[in-house]
Amino acid sequence: MIVIIKSHTDRAGIDEVIAEVKRLGYQPRPIIGELQSVVAAIGDETTHNSLESLNALPQVERVLRVQKRWKLVSKEARSSPTVIDVDGVKIGGGAPVVLMAGPCSVESEEQLLETAHAVRAAGATILRGGAFKPRTSPYEFQGLGKDGLRLLALAKKATGLKIVTELLSEHDADLVAETADILQIGARNAQNFRLLVAAAKTGKPILLKRGLSQRVEEWLLGAEYILSEGNSNVMLCERGIRTFETYTRNTLDLAAVAIAKSETHLPVIVDPSQGCGRADLVPALCAGAVAVGADGLLIEVHPRPAEALSDGQQQIDFARFAQLAESLQPLLRTVGRSA
Amino acid sequence: MIVIIKSHTDRAGIDEVIAEVKRLGYQPRPIIGELQSVVAAIGDETTHNSLESLNALPQVERVLRVQKRWKLVSKEARSSPTVIDVDGVKIGGGAPVVLMAGPCSVESEEQLLETAHAVRAAGATILRGGAFKPRTSPYEFQGLGKDGLRLLALAKKATGLKIVTELLSEHDADLVAETADILQIGARNAQNFRLLVAAAKTGKPILLKRGLSQRVEEWLLGAEYILSEGNSNVMLCERGIRTFETYTRNTLDLAAVAIAKSETHLPVIVDPSQGCGRADLVPALCAGAVAVGADGLLIEVHPRPAEALSDGQQQIDFARFAQLAESLQPLLRTVGRSA
Amino acid sequence: MIVIIKSHTDRAGIDEVIAEVKRLGYQPRPIIGELQSVVAAIGDETTHNSLESLNALPQVERVLRVQKRWKLVSKEARSSPTVIDVDGVKIGGGAPVVLMAGPCSVESEEQLLETAHAVRAAGATILRGGAFKPRTSPYEFQGLGKDGLRLLALAKKATGLKIVTELLSEHDADLVAETADILQIGARNAQNFRLLVAAAKTGKPILLKRGLSQRVEEWLLGAEYILSEGNSNVMLCERGIRTFETYTRNTLDLAAVAIAKSETHLPVIVDPSQGCGRADLVPALCAGAVAVGADGLLIEVHPRPAEALSDGQQQIDFARFAQLAESLQPLLRTVGRSA
Amino acid sequence: MIVIIKSHTDRAGIDEVIAEVKRLGYQPRPIIGELQSVVAAIGDETTHNSLESLNALPQVERVLRVQKRWKLVSKEARSSPTVIDVDGVKIGGGAPVVLMAGPCSVESEEQLLETAHAVRAAGATILRGGAFKPRTSPYEFQGLGKDGLRLLALAKKATGLKIVTELLSEHDADLVAETADILQIGARNAQNFRLLVAAAKTGKPILLKRGLSQRVEEWLLGAEYILSEGNSNVMLCERGIRTFETYTRNTLDLAAVAIAKSETHLPVIVDPSQGCGRADLVPALCAGAVAVGADGLLIEVHPRPAEALSDGQQQIDFARFAQLAESLQPLLRTVGRSA
């Protein structure tokens, strides 16, 4: 770390900082500048105490980190890309870009099975669908719960699609893990660290959505929570961040996909449906996601979006999904990631 | 709700919207405009299905809500302000502005007791202190856990101060409720709806922090989750939102305090320590918070901030807290809210 | 427009709103709801006064717009895409994706000519380079000014590349237009409406960057200022918006590119260099931009980025630019937009 | 500056950085760490070239600034607060908090004079009113222009109030300065550096609004542009920043007021009307602004807000302004800043 001392601080003030740096287990290296001095602190920032509390000293202007805060997710920890094998479907590395598709919410047996067959026919290998739904208002549809899980199991049996579904509660970790092939952690729980740990402990692959206002660093540290529990089957999922823009529901940050691919060994999935909140923009954003290097796409598909119990505005129907999957083929071949 | 139809839509397209509105349980009132038409949908938006899924129809441009989404927290549901009685300490209404103070994390018996005595002497009536800490990185201090709760109980016994401490996990709701007089829900869990419900069910008063990027509407709907479980002892807590500004850790949104006071019957607390992340700005922001109408202040105080195990940069020491509490007195008298 | 009346407003209060709507030139259509009433106002919102001032009435809750605010840039105004002919280089429609490349700032004759030859060899047809630089601090390099323009003219003569350069001041509009083939309006001046008008009046094609925190609607209305002066040769340029993320300098909003393509007839350019502020991310974002439908790319290239007088961190050198241009070819062919 | 070297960089890579630091005029001080090395660069960052371009070197991870970037506005440049004397009205230092009030736009002689008399009677000493209006859409009312200036001069003569009005164009600097006692630079032009310089050169006091997404550092550097032209009569004006919140038009950042007061010697004004965009919140935010230390308030007042040609939703009428001015008195006395 680097401790910046306020200008006009006398030697005694600098010495006090040096002493504190030493007390916290770092080797201090003072650098007396023309106008301002700094104390560099040598030591592993990820195992020693943070020096940020030194900001509390009146003569300290700022404390700057030197090291990156993530370890297990980094390419230094593992130089080859993690390829997650979801019961035969491979995600990451050079594997074909995986299509995960299905309704925002599981609503009925008919709706789910109809959708499962349709998305499989169009090329999806993983079925998405929410049984437990986190809703902004308590008066909105909260999902079918256990019944939804039952329907997902049914759809899996009927189609062979693997299942990704959201885990909302620590209490439900084992229950959801019985049905799900991939546990999804939603954006609103991206820093619900207890839930991350509970999910990790099931041993299932985890799809970790980026929080609504989560910096890339914080997102990677969320994944770090999971890896540090011994579960390294984590997919990062970019799903748009919250900004001032109101035309779209969120702002899809495709640079974050490139960063995650470059900083970590983990697969990166893009959710264009949540990412913009508008069905009409989904195809363009799928193409953009593939072009920047995404390993998979998570797309909301509903038989009749206008009748959806949640987020109809961003779901596409079967015909449009089939057309989208088809239209992505040339691009997937160009980037060498077609099935 | 108001459904805006795209311009140049023919009558059949409009009729399809009208039929959908009717199917979803609303009375449609079409208004055919010069350039654009709308269909107003009469019905209670909070009990009927949302019409937002109609965005999925190609002829629909946008769907606009008319009604506010919150009910139980609103002044229509209860015209007089909620005054929460925390074992004799009153919060809200015309009650004196309450000072909640203490360390970011409970670190040791000595640290906590020393702080408890100091903040009580300066006028605080509630002791804050984290036993379970949500930390961005798994490598940071995670709190003393149960031992922290034990120390909080000790401090309560020694000083008579009431205790506010954070609940991180559904599993711990009853455990934390044994010690805490007020359960705090942190910003990162502001939309962890299962945790809100678990906290509500303990029956304890709840201090609900605003999420990092939570709109006021969403914050009030978070409180609505708690009230709809039958627990109406909720304090809203503004603690800064995440913006592009980097000089401060968060941007304290004092307008949100005024809005919450005007839209709801609930007490509103301000946390200036998290709100700016800088000890030097805490006094000015406390004054600002009182002036806009806050019912209480949540202030981080530590015996030696530079040695704190978390967030030292935003904690103030005993002398500064005593000085701050003293300096607020004339302002509190001016607004008629001194003890 | 739709005027939402507060619940529990009596008939006299509603009638007052109706009268105001009429006075402002609209036909009022009151809709009396179960819980809340609205007054729809029929009339052209773009030619009548805004009704937003009615928010000032105590019984009015909110005023909502129905119509889009842009006209001349919309596809309703012109159904075929605008193709801008920059002295033989075509931009927009189905034309090949145009590469605009060059240094952030013009620094010297050698630097500029060297760069011009290199980017031309790699496939660029337009040379970028700032002669007048808007810098955050008055102590930073402000550009070579007129001398920079002279060097740009020299480079044009030597290479045949067309020139795009920024216009900072109304005073310089004619001066810059003498040299520039395209006038760039920078993000910081995106709502300097007088500059937009001055630029429009030169008759030159204009590249309009999106402001740092400009909503898409406001960006399109900025273009509307230019078109309403009779100059329809406008390219919209997405260059990243300001968000809470700090890993990148800005957040490139590729959804905005898709929206601008879908809502308007104007070409859309993407600036990935400013868009992320990091040379290492430029190639991935170029690919993403092409995939979502960009008509051109604006890329910062410098002989020796580490020695650049401005923004070295986001400029790429000749070898990397040549490699980038090459690597984009398969993608450009796939989308049918290669040269 | 501090140059952070990527881990695993060999000695030759570090030496290359050292050589570059030296070439750019700084004294390099390499610090070889356990896991990562840094090169501290000793020298005045405000007079030497920035080292940020070193980010372009492959072995450089990041470059961090040590020094603050502002100079003339800082308390180091001038330890006593600047008190601006606007023809007898003092602003800043311990002077009474000044009330600047008037309509968003000058609309007519009657409207302006009526307002001027009313706000003067309630205690305002400065009249605000826009003659040139920056409007998001070209189809909105653009202000009365020269005629508006004439009416402002008339109102000044009739009431003795000083005039603050916005300067939109470099061309109009002298024209507006003839009438205005204070030139306002609006948020959309906060980084229109040529306009800042043109305004500075008139010698008039300048009210510099913070840009919509301007960091405090950038806002102070905008003021630095004006001071470095020899005009030190600058008032900083916080007017809300753009965030994700939609309940209010902007998010008023009162911490920025405290920071500006602590970092600079300049007076700080708060504009609560723009700051929230809602008349109902103006009184609470005025109180908050005074409590955090504002030197003045800029408040929009209109005879009949519902009929205003711009921003009626945030303007208050005469009765409410008089009541507001009255209600602030006890607070102003408490902070020792009443007239």
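A few comments on the model shown:
Order of writing sets the labels: A, B, C and D. Residues in every chain begin at 1.
Keep in mind that, in the parts below, a residue touches a chain if its C-beta (ideal position, glycine included) is under 8 Å from a C-beta of that chain, and two chains touch if they have at least 3 such contacts.
Keep in mind it's a predicted model, so treat the numbers as computed, not measured.
Using the contact threshold fixed earlier, the set of chains in contact with both chain B and chain C is A, D. Set against the Cα centre of chain A, the chain with the most distant centre is D.
Once the centre of each chain is set as its mean CA position, chain B and chain D turn out to be 30 Å apart.
If you average the CA atoms of chain A and of chain D, the two centres end up 38 Å from each other. Mean C-alpha positions place chain C and chain D at a centre distance of 25 Å. Across the assembly, chain A contributes residues 213, 242-244, 246 that each touch 2 or more other chains.
On the chain B side of its complex with chain C, the touching residues are 2, 4, 7, 29, 31, 33-36, 38, 40, 42-44, 64, 66-67, 76, 213, 242-244, 246. Taken together, the chain B residues at the contact with chain A in this complex read 20, 46-47, 49-50, 52-57, 63, 69-71, 134-140, 168-171, 188-189, 191-195, 211-213, 218, 221, 224-225, 228, 242, 278-279, 305-313, 315. Here chain C touches chain A in the complex through residues 213, 215-217, 241, 243-248, 251-259, 261-262, 275-276, 280-281, 284-285, 287-293, 330-331, 333-335, going by the rule given at the top.
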